[in-house]
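Take a look at the following structure, please.
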Amino acid sequence: MIIIITNTNLNTGTETSARADKRAFDELRNLKIEAGVLERADGSAYLEMGGNKVLAAVYGPRELFVRRLMQPNRAVLRCKYNMAPFSVDDRKRPGPDRRSVEISKITSDALSPAVFLEKFPRSTIDVYIEVLEAEGGTRCAGITAASVALADAGIPMRDMVVACAAGKSDGNVVLDLSEVEDKEGEADLPIAMMPRTGEITLLQMDGDLTEEEFGKALDLAIGGCKKINEEQKKAIKNRYGE
Amino acid sequence: MIIIITNTNLNTGTETSARADKRAFDELRNLKIEAGVLERADGSAYLEMGGNKVLAAVYGPRELFVRRLMQPNRAVLRCKYNMAPFSVDDRKRPGPDRRSVEISKITSDALSPAVFLEKFPRSTIDVYIEVLEAEGGTRCAGITAASVALADAGIPMRDMVVACAAGKSDGNVVLDLSEVEDKEGEADLPIAMMPRTGEITLLQMDGDLTEEEFGKALDLAIGGCKKINEEQKKAIKNRYGE
Amino acid sequence: MIIIITNTNLNTGTETSARADKRAFDELRNLKIEAGVLERADGSAYLEMGGNKVLAAVYGPRELFVRRLMQPNRAVLRCKYNMAPFSVDDRKRPGPDRRSVEISKITSDALSPAVFLEKFPRSTIDVYIEVLEAEGGTRCAGITAASVALADAGIPMRDMVVACAAGKSDGNVVLDLSEVEDKEGEADLPIAMMPRTGEITLLQMDGDLTEEEFGKALDLAIGGCKKINEEQKKAIKNRYGE
Amino acid sequence: MVHIVPEIIKESVTNLVKNGERTDGRAFDEYREISLETGVIEKAEGSARVKIGKTQIVIGTKPQIGTPFADTPNVGVLMTNTELLPMAAPNFESGPPDENSVELSRVTDRCIREGKVVDLEKLCIVEGEKVWMVFLDLHVIDYDGNLMDAAVLGSVAALMNTKIPTTKIENDEIVLDYENMIPLPINEKALMCTFAKIDGELIIDPSLEEEEIMGARLSIGMTEEGNICAMQKGGAQPLDREEILKVVSIAKMKTAELRTHLP
Amino acid sequence: MVHIVPEIIKESVTNLVKNGERTDGRAFDEYREISLETGVIEKAEGSARVKIGKTQIVIGTKPQIGTPFADTPNVGVLMTNTELLPMAAPNFESGPPDENSVELSRVTDRCIREGKVVDLEKLCIVEGEKVWMVFLDLHVIDYDGNLMDAAVLGSVAALMNTKIPTTKIENDEIVLDYENMIPLPINEKALMCTFAKIDGELIIDPSLEEEEIMGARLSIGMTEEGNICAMQKGGAQPLDREEILKVVSIAKMKTAELRTHLP
Amino acid sequence: MVHIVPEIIKESVTNLVKNGERTDGRAFDEYREISLETGVIEKAEGSARVKIGKTQIVIGTKPQIGTPFADTPNVGVLMTNTELLPMAAPNFESGPPDENSVELSRVTDRCIREGKVVDLEKLCIVEGEKVWMVFLDLHVIDYDGNLMDAAVLGSVAALMNTKIPTTKIENDEIVLDYENMIPLPINEKALMCTFAKIDGELIIDPSLEEEEIMGARLSIGMTEEGNICAMQKGGAQPLDREEILKVVSIAKMKTAELRTHLP
């Protein structure tokens, strides 16, 4: 039996402004970060960015029971990125898939340079990222939230880590792609950085960019990171005062 | 929607000679063995026999981390037989199935009698067999290659182990069944032996053989093993000289 | 292609007596318990109740190899409830499902209060329940059999544990629901108890009962447990004499 | 992971209970503060965020069109899944659902199913062919005791919050009309109320601290009329007949109280 | 789990064998007591309980209608599954089938399939579309050695005990007539006979004690005519040509003897 | 399994790099010896064996007819799967793909997909119903560093080597004509080039020894025109903006050089 769907709300593409949501090319989506939202975790943060809703929680430094992962001279930072089944249009089956395994790995690499892991040999710092609702850019949202959760847990850090994507949509290099721009656009370039030194801790790209467009997008993303970092600082200030 | 396949190359059965590939009843397929083909493994071998292409690699003796497998007075010899997804006509799903679990077990039993396991208590010798292309008789090809890889790894051995099948096809007892003969034939009898003493270390059979045919097939397989053993020796000589 | 089934034996519902199998509302199905039916297990029991056929086996107290489950001051009592693939009308796929995981857990809770676990620190007592044929009430049958198997294993116990269900079927509160009564009835209330003190060690309910009906069903189930306990005692007496 | 509770905490909580008190000052039959929001996840067709004390669960529903079970060809399907996320407690681990998570899923499912919360027969689209399958996913993000009551309360709220498109059959095709969304057909608001037994006393809504030292637990699902639709005992200590009858009669009042938090 | 056999037991069993004796007094070519009941599980379409000594297996069959394999469109399907239950031995563990369980499944399946026990072509209902799939499940409940012979003997008995409804095709529909049940079409009664090699001697039907110290094992499947349909060597010691030919000729007589236990 | 690199090796490799040298004498922007054969597996519809230094991967393709994804009804499907075989390195383990294997699969897939190597739209047979699904399986048999560049180079070669039968629709049936095989439609030869950062220096095509001590890794996928189609940073140390821009511009030249190895 054939199923026909009528009158869905997916009327994208008839927009007249440059971006479907009328943002300027270098404009971020609405952003809200709150630190210390969970009771049991050692540190936590909640982040909304556009339609994304992301929770991050940190446990540790704590004893690492899996001996084969143990490092004699530093802590390991382990990340689990996970999407709630109800976070996307078509229900996502619970449990890790290849995408979440990859994102967990690169998130761990993105956060590690900022943490003084060498202070906690043989232990683990566990970062859990839960995407409650997804609307494009959840890996960046997760990293940004996780960094606030690490700070909330009192983990000593060189700097915050902040993440943001730029990309190409409808022929234009733009900041912070929405879900529609990500799916229909020509390229996506998510990065993470430590804002104090400007060092890049995550860099991925897929799509099609000339060398020139890439440089432009990279700088746009760096600019986005700096703005988001201000919100991270505010969230921590709100929680702990000056 | 129905799918129709035209003009495939599967024109077996119209042959006039006794065997589809014109071999004599006691003739082996073309055979080629090379030792020392991989860099990282402690020992390795590559074998082609008819359309079979098989790699074997050995690591060890090395520390055994799974305590419940450890033997206080000898090494364990563990085998993993695996088929590449592209090694067969219809893609094989990656990962072990019941067939590969059984072959791994009997391969381990087939090789163990030849190795001085008692020299390496509490350790493991790991044998990995990868079937890159399969055309009937891969378990025998794997054992023959693994034995060369064990020698290449410098593992002390009482003797080589060499494997070969005989069987019954079109009413005749024949040596070294091809894929077609295995599938359409009446019986398959793979064995492994230590050529110096003639002792049998692997024996399986499926099909239908009288006691007399069985005796004939067993002797044919023993003869095949002896010929293949010459190629094993050559491969080791080529690698290390006399 | 459509499959039509004719003349199956499922002619329930045309019965004239109150219960499909003509039992009185407080009548148990035929019951048979035998202790010591297996050779290897430290203790075992076989139970038939109506169409149920259940085996229970006990190993222990023995060393617990999973360190994270170990209790410094007592044994853990672990249960595995499992249904044979052929025990039900439509073949059950082998391996645990959510139902068997839950039943294993509550069976462990139901048996633990009766066992002097504190006598065996750091060890485990393993209880295995196999449903060979299922006809309603297998969790209760399993607990009743497991308790006999624990006694057969010589595990020191405060009391036996005995289990029985009551429920509501065709508007009546009745004892020991059959498969048909369980499926088509209005409520099922399986309990387990220690008959000496009358203490309840398992209690579950699903369906729809008023507070009054619940009280009535609970008392009926308690009465059923007492009768079944007599059969448990007989089984042990038959095995070991007075 | 086994979590060993220090003897000293065990003793101090138990002593309080002996004196008729609880660590957080509550009466024995008093719930912690409850908060319940619905519609918190826009991409979910229904959702809720429930807090009982510091226990917190986010719940979302996803209706899909699927095939009915062969033995109930005209009945929709409800699928309940619970994730005890590793973020919710230091001893929760990643991986497939463990026995606690399975029990929570099954008891929640049982209370909602046996309490006839959703009118599953109204979810049939074409008998024997197409029905609505409603996935109910519970995401436990903070664990401070008494998950069951929170799970059922939040699930009922999320189901009440759920909207599905109207369906029509035209020329043997199912037409889903997303302009005319209708609420999921709700029959009943069955809720669950949990007691813990500590040193012979029965206290309602155990906190984590209380759960860790309790001997037994009894959860009771009740319909609006006060009928029992589900029960589950937990814990390695027994309960006696009188204790059970007593908490059943308290549960009626307390589930009615809980029900006032529903929208 | 590795099971270490004490040296003293090893020695005493071996010394007995050297003197032509076995711990339980049997001759080298003597089976333990065998018992075989069929129809023991009413819900299974066929079933058997087999004991060889204290080794015990319960076997049930479940025929289902399914789709044939693409390369054998007019042939029914036999699926063999073995569970070495943790109740059967202290070192058997719960979980997915390990290599011993897989080997037992596959050798049992091979003996039955290659021995042509079931006439699988008669299980075709509609060529290329519908055939009977017979699930053969072996539940090993007590393990005292020589599982293979027990597995094949019990499986053949359970298959002989199996009944399926007659099928008719009417108006392009398959009609299953449960009033007229027919036995599964049985062609042949192939059985298996297993030898253990201890200190150069070959003994039949090894007990657990003997299995634990044996150097090699050889199992031979034989048809009623005495043709060989399956063989499997196990164990980390070799066998020589003469030993193999010798046990093959003994197996013919011993499988005939085993066959007398079938109904 | 964590592999601890001895401090002394770390130091010696690092010191060499500080002096502008590498352990195997290469220049910083010099690849190891590359060999590439195609058609090495006859049963695979396309295949290649690639070596970069001693890193070795065997790659095979298997086209199958399947159903397209609902949101891309007229586009074929490419499925990439990587096995880091335990034979390839002492610390690789059997079992389901770990995070390194998943990353290698996904980055290879991304470079080929985003680089539009295969014209997937030409793989549609009947819109919304049947398309070619191409399985691309990478079998890593020897691991000496820089798997990504080898994986993409070998995959492109295997895809270029792949042949599929022509398809026709006749009387609503798909006819596969194995007498007239055609090559897979190839659009583009996107390749990947990987840099490692050691002590502030960026070196191309890191060997295993270099990978084990590198702080960060950056892989860049490039089309024939020199557009970037994929990037992936790895490793727990950061890169700065200038470093990134620098390696992007080197990658253009180096992927062109790699491309000369394609047939």
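For reference, chains read A, B, C, D, E and F in written order, and residue numbers begin at 1 within each chain.
Criterion: a residue touches a chain if its C-beta (ideal position, glycine included) is under 8 Å from a C-beta of that chain, and two chains touch if they have at least 3 such contacts.
In this text the structure is predicted, and so the values were computed from the model without any measurement.
A.B. asks: If you check the contacts of chain B and chain E, which chains show up for both?
C.D. replies: Touching chain B as well as chain E, we find no chain at all.
A.B. asks: Find the chain most remote from chain F, comparing centres computed as mean CA coordinates.
C.D. replies: C
A.B. asks: Taking each chain's centre as the mean of its Cα atoms, which chain lies farthest from chain A?
C.D. replies: Centre of mass proxy via C-alpha means gives E as farthest from chain A.
A.B. asks: Can you compute the centre-to-centre distance for chain E and chain F, using the mean CA position of each chain? Integer Å is fine.
C.D. replies: Roughly 48 Å, centre to centre.
A.B. asks: How far is the middle of chain C from the middle of chain D, if each middle is the mean of its Cα atoms, in Å?
C.D. replies: Distance between chain centres, rounded to whole Å: 26 Å.
A.B. asks: Averaged over CA atoms, how far is the centre of chain A from the centre of chain E? Could you give it in whole Å?
C.D. replies: 57
A.B. asks: Give me the residue numbers in chain F that touch at least two other chains, ranges are fine.
C.D. replies: Answer for chain F, listing residues that touch two or more other chains: there are none.
A.B. asks: In chain B, which residues are in touch with two or more of the other chains?
C.D. replies: 68
A.B. asks: Taking the contact definition as given, in what order do you meet the chains if you travel the ring from chain C through chain E?
C.D. replies: C, E, B, F, A, D
A.B. asks: Would you mind writing out the residues of chain C in touch with chain D in their complex?
C.D. replies: Going by the criterion above, the answer is residues 68-72, 98-99, 101-102, 104-106, 109, 112-113, 189, 193-194, 197-211, 214-215, 218-219, 222.
A.B. asks: Contact residues on chain D for chain C in the complex?
C.D. replies: Per the stated touch rule, the residues are 1-2, 4, 97, 99, 102-103, 105-106, 110, 113-114, 218, 223, 226-241, 244-245, 248-249, 252.
A.B. asks: In the complex formed with chain D, which residues of chain A make contact?
C.D. replies: Going through chain A, the ones touching chain D are 1-9, 38-41, 44, 51, 53, 55, 57, 59, 62, 80, 82, 84-91, 94-95, 126, 128, 130, 132-135.
A.B. asks: Which residues of chain D touch chain A in the complex?
C.D. replies: Where chain D meets chain A, its residues are 41-44, 47, 54, 56, 58, 60-62, 64-65, 81, 83, 85-90, 94, 96, 126, 129-130, 135, 137, 139, 141-144, 165, 172-179.
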